[in-house]
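Scrolling down, you'll hit the structures one after another.
You will see chain A twice below: alongside chain B first, and alongside chain C after that.
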Partner chain A sequence: MFYKGEPIMKKQLSEQRFAWLVIAPACVIVFGIVIFPLFTTFIYSLKNMDLTSSQYGQWVWLQNYLELLKDKEFWSTTGRTAYFTGVSLTVEITLGIFIALLLNEDIKGKTFLRTIIIIPWAVPTIVNGAMWKWIYHPEYGALNALLTQLGLIDHYQSWLGSPWLAMNMIIIADVWKMTPLVVLFFLASLQLRNLSIYEAARVDGANIFQRFYHLTIPFLKPTILVIIVVRTMEAFKVFDIIYATTRGGPANGTLTLTYDAYLKSFTNLQYSQGATISYLIAFMILTLTFLYVKVLKSEGAN
Partner chain B sequence: MKKNKAFSFFQYLFAIAITLCTLGPFSWLVISSISYQKELTKVPLDWIPNEVTFKRYIDIFTNPNNDIAYAFKVSMLNSLIVSFCVATIALIVGSLAAYAFARLKFRFRQKLIYLFLFTYMIPPVVVVIPLYLILSNVGMLDTKGTLILLDLTFVIPFVIWIMQSYFSSFSKSFEEASAIDGCSRFQTLWHIVLPIVRPGIIATGILAFLLSWDEFFFSLLFTSSLEAKTISVAISEFSGKNAVDYGMIATGGVLASLPPIIIVFLFQRQLVQGMTAGGIKE
Partner chain C sequence: MKKALLTLLSIILLAGIVAGCSTSSSGKDGKVTINALFMKQAGYSEEDVKAITKEFENKNPSIKVKPTFVPYEALEQKIQTSAPTGGYDIVIIDAPWTAKFAKAGFVKEVSDKLTDSNRSDIFAGAIDSVSYQDKLYGMPWLNDTKFLFYNTDMLKQAGFDNPPNTWDELLTQAKAIKDKGISDTPIVGSWAQAEALICDFTAFTSSFGGALVDENGKPTVNSKENLAALTFMTQSLKDGLTNSKSTQYLEEDVRGVFSSGKAAFALNWTYMYNMANDPKESSVVGRVGIAPVPGTQGHNGMSVNGGMGLSVTKGSKHADEAWKYIQYLSSKDVQKRFAKNALPIWKSLYEDQDVVKTGPEVVEASKVQYENLENRPRVPWYGELSTELQVSVQKALLGEITPEQALDSVQKKAEEIASK
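Moving on to the complex of A and B:
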């Protein structure tokens, strides 16, 4: 070996410099746009920004936060957001596992199913919302027509007309769009599965439920955790589908945190309240992610 | 594996249920878009229309006098332009950064990765109030350029996150060999690294396009006229009005879904790889 390459290599930019050079554009665009507003919003949340108040612009420090945390309405909104996140995630993951397992089997029409399964995910969120709003229509909706013709309901229902029902109907719409994504994640990890273990378990007399519970679930656990992290972050800031269907109504039944922050900031012009809710959302998402990552790491260590 | 009859019966039952649930709602949207209003509002409903009409589609593409149809066409073009620009810029800028994060050693590397992840995670509502005030002061509301910049704030971190896993998937010896041959770092990147990660670039670019196509929050707040309004905003505005033409919403919805659906069909394999690459690594 001789080191003829050595002096030529020195002509290269140093690793440090080169790294900063290629990272700079991303930093400039992303942080250039985001950092100032991020700080300003934080300051708004510590000030009185009520345009009609005589104390406009004065520092109130944590008062906005304390008022919000004492507000029952805020906690019901948080509860609804958690309900939306929890229920849609549970349904998506459960359905996702079973659909992925089915698509992983040798059944007729597997290729067809694998091709169409992704369609709902490709439909834009706003279109998805508008579509389900039309399906749920109280007078002409397809759901009413279907259930009446099947004899399951006597007369047309107003699916988005009562608070709790509306929330669940929106969850169905979200599940329809997002389950395909979960299926794809599970399918990808099922392909890495070691089938000889299954064969061995079968020979040892384990039935299908035992194999599912003792082999499939533990195998999919890391993927489940990843999906929970990614989907919680998204679902917790749900806005688009609420806007496209119920706009928070009826009687605040579908009012979620982001929608509340949006209303306070842009309809009621309560900048401080909007800013405070926004920061609390960010804080909750960060806490959840932190907890999940902890779990992920401790699982990985085992 | 040997299967028992009852089990495979349930499998097919389940497969049929999935097919119906997957295709049903969107098929109804397509049927609604080509049905006459009087058939859509009939009770009891006929599932298959007696007559079909493509007038709404024709209106959208050719009739500038029908306000709604024209709005759908222009906003669709806006969406295409914005998503295309966002995907291209994010891909170039994001991949460069991802390369550094995956392959190079430098100070604050780990901290910067977390910072980008953090920007991707925070809900956009945290930044919009000051952004709105600033942008309206400098007269930058309601332009495609502004929307592109705003979309980039979450699409670039997304590209960095996904591309990182592609860049860390191959051996360092490729770059070392190229350096010994006298290539500059940019030459190495262009001639050696880029061809290796090309499948990843395609998948990530498409995901970036889809992400930006689906974006709604920034478009809702920062665009108002046909100058920059996206198709999602046009559809939500139209469907928010009281007296509505359901068939027209359906038509807009079908058209807005076509680009992503076509893309997803064409690139299914690459997309699945791209999506899971970011997830499975960590």
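Moving on to the complex of A and C:
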């Protein structure tokens, strides 16, 4: 009895030490590839890190931020990014709900269909980008061939040749890739639906549209909000598909914030501008997420 | 047991991190290892470079070379992230990067390493591509420029025996080709929002007698010569003589269009000549003409200097060995043997029959064009200038703004950037 406490103490201590030992590598990695760069980037955004400038390395505090916020180009890039995010999100959610409803039906081969719907999402973005670049190719692209053979267009179009059209074509490519994920979310929550309510609605004479609007949509609302939060974060940071297809062109028509940050850092050697844009992106996403969470919470209260 | 295993695993992980961070450059046997960064490309391909490296290692048993190959798009970023620490001892650099890399202190100055006699035997354009403010920051290695490619069949059908000497002649020929229904859009260029556009733009402006910056590095973007050049480009698009899809094309797309026989004229790098004559890649084999870029009244046809050089990074710990390897790669002997894939930087080799035999037409056009090369502005802020130009020139080409507006806005921005 007398000795009982001591070994336990000893054991606890070594337990603790052991725990530290085990998480040490994770700490090193997290510090090395997340926290340290995050901190350095912040410092960069407060300094003049323009490698070719004579004032290299001097503190400029908030000047980088002010300059950027006063820059008209920066705001049109932000607008473009918002357009990309908004449109692709709307299309993905609309398509996602309908595809999920279809796949939720008891149709023949539904397991097969549910499996293959994942394929676009499983393709790496950079591969997806390369693929769509070829589909849109103005001389030997598949889209041109298809539309011409169907008689919808009489000569080959330049899909990525003008700014506004190019942006929308990129959105289509992104929607193609990301809709499966959205479908998956909706399908999962549709499976949890209480079907007896639908039976009751049907007995009460509600038609298919009424049932969809009054039952399905409210039921899917929480899922929709989750998707909006997750996808906004991703879409706002869009980079790889732009890199693989248009590289911001034509005439900056598809230049998004992250691609702008990349260009500033690695083509212009202005690391501080790149860092500042990165922090502003983070801030914007943070604000959006905060708003979403507010909405989510008030939804929950209702 | 479980605890022991976990401890072991975390030790291995830690060891892995430590090992991953350190680079061992000197082996136990006194061998020095140098890391070199190359570009994946057609001339001096991976196989070529590896073969040359093998020869070098056999001749210098104490040096081991580890070459890495990345595509052009990834090159700039890779150099920036590794040069200060010497992750690579040798990096290949593109002409427009020399100024900023020199200013940023990424690469070593090597002015005293090239003898005067060697210097005088190298094309001036090639030297320019690795110099900044009269100092040398690398050894020229690849000579390249854009040529005017033409489809000899189409020209003949339209009744022309010779390629155009001036841009106006080119327009006349293109119009005839279009009117006779030989090609809908006879001209094609790589005018996407990318460096490729500025390469073509530089060839145009300099052939019209213009320059983007003056000798003192002051921007002269909106000069009347440059305006004439840009107006020429936009007008040819408006008239339907230049393929409207050019605004989304890079060099490889231009090659595709030309090789499939859809265009009569194209501006492109040297590599297209061999590939457009390769039956596996092209349907215009034997109908490919190559000529110097056309000029204008009173101005020689100028083309863009697309030379690349090899530089020793500031952080390199084996600069001497690295330079030795660079010298071997760019030596006359090696350049002569590989002349079929990439034309030499040495003037004297162009008289060598073995070199001429590899492609008499290309050598002939090169001899003229290499004497008429224009550099993209050799200023440290070229990256920003190029980005601004790409956007504004594209806007003009797409008809969103007039050529005057485009050049005026770039001029204004360039003045701001240059004064920083």
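What we mean here is this: the second predicted complex is superposed on the first by the 271 of 302 C-alpha atoms of A that agree within 3 Å, B and C clash if a C-alpha of one lies under 4 Å from a C-alpha of the other, contacts with A are read in each partner's own complex, and residues count from 1 in each chain.
The rule we apply is simple: contacts are C-beta pairs under 8 Å (C-beta built on N, C-alpha and C of every residue); 3 or more make two chains touch, one makes a residue touch a chain.
In this text the structure is predicted, and so the values were computed from the model without any measurement.
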item	value
Which of chain B and chain C A:248 touches, first, second, both or neither	second
Which of chain B and chain C A:267 touches, first, second, both or neither	second
Partner chain in contact with A:278 - chain B first, chain C second, else both or neither	first
More chain A residues in contact [chain B versus chain C]	B
Partner chain(s) touched by A:162 [first = chain B, second = chain C, both, neither]	second
Contacts of A:29 with chain B and chain C, given as first, second, both or neither	both
Partner chain(s) touched by A:154 [first = chain B, second = chain C, both, neither]	neither
Touching partner for A:18 - first (chain B), second (chain C), both, neither	both
First (chain B), second (chain C), both or neither touched by A:140	both
Common interface residues of chain A - those touching chain B in one complex and chain C in the other	18, 22, 25, 29, 137, 139-140, 247, 266
Residues on chain C engaged by chain A in the complex (per definition of touch)	3, 6-7, 10, 13-14, 17, 76-77, 80, 100, 103-104, 192-194, 244-245, 247-248, 253, 256-257, 260, 262, 380-381, 383-384, 386-387, 390-391, 394-395, 398, 400, 420
Residues on chain B engaged by chain A in the complex (per definition of touch)	1, 7-8, 11-12, 14-15, 18-19, 21-23, 25-26, 28-29, 32, 40-45, 47, 93-94, 96-97, 99-101, 104-107, 109, 112, 115-116, 118-119, 121-132, 134, 149-150, 152-153, 156-157, 160, 179-182, 184-185, 210, 213-214, 216-217, 220-221, 231-233, 235-236, 239-240, 246, 249-250, 252-253, 256-257, 260-261, 263-265, 268, 272, 275-276, 279-280, 282
Touching residues on chain A, where the partner in the complex is chain B	5, 8-9, 11-13, 15-16, 18-20, 22-23, 25-27, 29-31, 33-34, 36-38, 40-41, 44, 98-99, 102, 105, 107-109, 113, 115-127, 129-135, 137, 139-140, 142, 145, 148-149, 156, 176, 180-181, 184-185, 187-189, 198-199, 202, 208, 223, 226-227, 230, 233, 236-237, 239-240, 243-244, 247, 258, 261-262, 265-266, 271, 274-275, 278-279, 281-282, 285-286, 289, 296
Chain A residues within the chain C interface of the complex	18, 21-22, 24-25, 28-29, 32, 50-53, 137-140, 158, 160-163, 166, 246-252, 263, 266-270
